[in-house]
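Report on the structure given below.
Each chain carries a letter (A, B, C and D) given by its place in the written order, and its residues are counted from 1.
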Amino acid sequence: MTDVGFSRNEMMIVAAARELAGQRVCFVGVGLPNIAVNLAKRTVAPELELVYEAGVFGARPARLPLSIGDPTIVTGATAVTSMFELFAFYLQRGLIDVGFLGAAQIDRFGNINTTVIGDYAAPRTRLPGSGGACEIAINARKVFVIMRQSARSFVERIDFRTSPGNLGGAEHAERIRREGGWLGRGPSVVVTDLGIWHFDESGEMRLDSLHPDATLDEVRTTIGWEPRISERLADTPAPTAEELRLIREELDPAGVYTR
Amino acid sequence: MAGAAGRPTAGVPGRTEGMPGKVATMRDAIRELVRDGDLVAIEGFTHLISFAAGHEIIRQRKRDLTLARMTPDLIYDQMVAAGAARKLVFSWLGNPGVGGLNAIRRRVEPAALDELRRTTGEDVRPLELEEYSHFGMVARYTAGAANLPFMPLRSYFETDLPTANPLIREVASPYGDGRVYVVPPLRPDVTIVHAQRADAEGNTQIWGLLGCQKEAAFAADRVIVVVEELVDEAVVRADPNRTVIPGLIVDAVVVEPWGAHPSYVQGAYDRDNRFYLEWDPISRSEEAVQAWLREWVHDLDGRAAYVEKLGADRLATLRPTPAPSGEVDYGMYG
Amino acid sequence: MTDVGFSRNEMMIVAAARELAGQRVCFVGVGLPNIAVNLAKRTVAPELELVYEAGVFGARPARLPLSIGDPTIVTGATAVTSMFELFAFYLQRGLIDVGFLGAAQIDRFGNINTTVIGDYAAPRTRLPGSGGACEIAINARKVFVIMRQSARSFVERIDFRTSPGNLGGAEHAERIRREGGWLGRGPSVVVTDLGIWHFDESGEMRLDSLHPDATLDEVRTTIGWEPRISERLADTPAPTAEELRLIREELDPAGVYTR
Amino acid sequence: MAGAAGRPTAGVPGRTEGMPGKVATMRDAIRELVRDGDLVAIEGFTHLISFAAGHEIIRQRKRDLTLARMTPDLIYDQMVAAGAARKLVFSWLGNPGVGGLNAIRRRVEPAALDELRRTTGEDVRPLELEEYSHFGMVARYTAGAANLPFMPLRSYFETDLPTANPLIREVASPYGDGRVYVVPPLRPDVTIVHAQRADAEGNTQIWGLLGCQKEAAFAADRVIVVVEELVDEAVVRADPNRTVIPGLIVDAVVVEPWGAHPSYVQGAYDRDNRFYLEWDPISRSEEAVQAWLREWVHDLDGRAAYVEKLGADRLATLRPTPAPSGEVDYGMYG
């Protein structure tokens, strides 16, 4: 915890949860997205329908799911289906408003790598791979990303493209999506431990909000390219007492995601 | 309004004034969600056929519909006779266990059509047919539900069906192991299914034969669910593996007990086979069919009147004795 | 009923049921196959697993199903599945030993028409069409056919090929099946109201057994080509009292199929 | 012996002397049905992972297996560390909610492999990887179950995955509406699934997450079902819509309570997350992994000993409170 009374991970999770205000159907990725979405459901988006790739629609988790296949997402859910149906009839059919992903590497256009660091055939670090991320990035109506910023994760060139973002830029991406009949419109926001990035008309991410206690210097030293900063850069409101209470007492008492 | 089109509708005001969630009268649901010229699928394989919805479509004199169903059954024979349809998309055209669908045949067989025109003095339009095999129809709904441009299947080899229907095409495997046939997605404007139960948001559970209702619902732009019983959300959430159609894609929920008669509802009532047998002679005479439609559809204002007209005694004979499923435990976690 | 104490339809159903002895998994078609298979289950093939295209495996019908979607095939069954699963995972996967079909027209090689009499675009008689017959004929390991004989049904040339049999003969059919990777080996028996036909090495049907009270003259006058008759033509044993009792008292008391 | 290969096995004598139907001990089932070099799929997405079968495969020192699983999870980390595997076919390689699979990474990352060879003094073979996305793996099992040469899906566009895995290919729609990617069928020699219950013939029912077990089972030549509870056929037949895998394709039924630990069984026990957390430090040291395998697999003769070693107190903490599904009525007809 920092002296501001909350950790940067807590700020990141709270900021990500707030982005879900007004959204309806969210495909919940493994890890940080899982806690952010569950926080949103308890705060800004009580009507949010949680979809888990494991085959659950309308989950009502009684605790923070330990994984995206936790039994608590099943009991009391609206529907449990085979994974074929979940991916084919819900995601590929276009019923998912927001696909919420994490990432190991991301570039300025929101293209994501979760496969390898280094050469694919002889990797320095072998990462988990796509899971459902590749099809979520293509078929979810829009994509939210949550990840910590660092020079190793925000890179000029990702080592492997697991999930497409705005490709080489908005124009290129829109042509490909139109010609390929994609239902997804690509990445819409990246929430980090330092701020909130949206994508501008050129398809590149732009820092629109800076978290309390974070500085533009930090932002620049944790990113592999010269970042675009909004002229109307906002200050992210600090987490409320209730948001912190929910994270610390209900969602992550062990502090797995937040320390 | 459309659910599966990606414009979810849960939370919108009830389709009918003063009713909760998406609950609506059949009249309002059909008036608002079925339009002249639509591709309409009333699905349910022998089980759960929404005769109530079909009759309301007849009553509201909808026109130029393309009617999709694996087995058109008596309901489409009646809708075609009523002049609601322009075309059928199907895979088996008969009165199951009894014989043919004669009102449809009169609009497909040239000799019978001439005779029909002569006797009625009307320029009755021939009915267009687009036909597949059962698996072909299921595959079409599946492709529609999955937003795929085609679905492969090992049917149609060495048959005349691809010639009769040029939408049945071949694709070579990119793995060098031969060719298979494919069918294109079927995307109804409206899919209508009958079910044992749903909650007010349209979360729907079915047991017994599932047919292709799930695929037909996900493939559609709009979905109407007609149920024997409206239940609390908690009943659905107690057994989420039993949910076949999520409210997310449902536009209206109509509560219509006996709404599938003369077809059946597993656990609730049996097929009224007497009617399937009676329809054969009726359907052989256009005059008798039109008289039947007047008496049992146009002269009644809805399903309640139909049920009352059938009479409690007849319905009582259709009730099965209980055969409980037993319970399973999902466990409460955290 | 004839004076021999049973009808020809009863003989046909009994003979068809007996052909199922030793078979394991049978896909039950609409109409006559339905009663023949249900009789076999009660006599020569108690272990027979009944599969209905409506989505039922291991049916235990308490009464003769009125149709192939009757609720009695569901209650007490081993499994009820979607029709996609039934056709894809059971039939197309090769789990069906016998597909049992009826037909409106059949030729000497067992090719079947259930679609139209006359021209497809302007039919004299519009028949039901394929239903599941087309895929059953291709994917079931073998095909049994039950139908009444008549010059209009046993024809030199069928008006429309709905379900492939031995095509132009065994050689042609075997090449097509091998090259196309079919799992089905085609028609194996045709049971009629007059006798039992199997398929010889040339792929053409051959009368192997003549029913009581039927004559070869009748056989020849109810068929559109010069039929092959086995040199060791057998006499079909008459229905037993028990077979007749099951049909008349349990399976078809109303005589829908048997009068 | 093979079920799905079209050589049904119901009615064959029990796999183990004196046991009914297809019921067998885990030792007999693995010995008879899993062979060196096989393509083995132990499926179950987070839920119902058959650690008991994986451990018996390790115990019997099976070799050169190709292991297919959407999420290899700890069980494949352990099997790979034990030297049972030559190759993985997968879509997400991690310790869910915790981190990486370190024993596997040591056999995939060249630097770590060199280090491993140095420390062990053995010429440890690198592990081959064949990777897809989740939907790609599901589609591969579905194509295998449906005996199709390929399955189309709208994934992989503009990614490096088709380059990394040339089995991911493109097909043009014959309807002129663009191209989609396809994946080939996955046909395991053996699929092993854990379930809540089955009867002695292998008719298997599952509730909660269904993952891709049905598709993986129908795709396989041989199927082993491991269950918490052996039930009478009547229990299955009372709720046929709950049946996921028919005995028709099952070769052996193994009764192994707690057989999915440390993963979970909906309604029976929770995931033992403590173990998932503990595995992370263990798996970072090859020595610790081998010591764990000796203590928890090789030095125990089966699941019963493992359960006893875990202790009743630890297991008691994993029991959920009841959450009953409620009953439905199928109705008795005739």
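Here, a contact is a pair of C-beta atoms (placed from the backbone, for glycine too) under 8 Å apart; a residue touches a chain by one contact, two chains touch by 3 or more.
Keep in mind the model is a prediction, meaning the values are calculated, not measured.
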A-D or A-B - the one linked by more C-beta pairs in contact = A-D
So which chain is the furthest away from subunit C, centre to centre on CA atoms?
-> A
Dist(centroid_CA(subunit B), centroid_CA(subunit D)) in Å evaluates to 39
Take the average of all CA coordinates in subunit B, do the same for subunit C, and state the distance between these two points in whole angstrom.
-> 29
Subunit A residues touching 2+ other chains are 56, 70-71, 74-76, 80, 88, 92
Subunit D residues counted as touching two or more neighbouring chains | 142, 147-148, 153-154, 177-178, 207-208, 210, 214-215, 238, 241, 266, 270, 320, 323, 330-333
Linking chains that touch, what shape results: line, ring, star, complete or other?
-> other
Across the complex, what residues on subunit D touch subunit A?
-> 45-47, 70-71, 90-94, 96-97, 100, 104-105, 108-111, 131-135, 138-139, 142, 153-161, 164, 177-179, 207-212, 214-215, 264, 266, 270-271, 273, 276, 320, 323
Using the touch definition up top, name the residues of subunit B that touch subunit A in the complex.
-> 4-6, 8, 10-11, 142, 145-148, 203, 214-215, 218, 236-238, 240-241, 243, 246-249, 330-334
For subunit B, which residues are in contact with subunit D within the complex?
-> 147-154, 169-171, 173-175, 177-178, 180, 182, 184, 196, 205, 207-208, 210, 235, 238-239, 241-242, 266-268, 270, 320-333
The residues of subunit A that touch subunit D in their complex are 30-31, 53-56, 66-71, 74-76, 80-84, 87-88, 91-92, 115, 120, 122-135, 138-139, 160-164, 167, 176, 179-182, 256
Mind pulling up the subunit C residues that touch subunit D in the complex?
-> 24-25, 47, 49, 56-58, 60-63, 70-72, 74-80, 85, 88-89, 92-95, 97, 141, 183
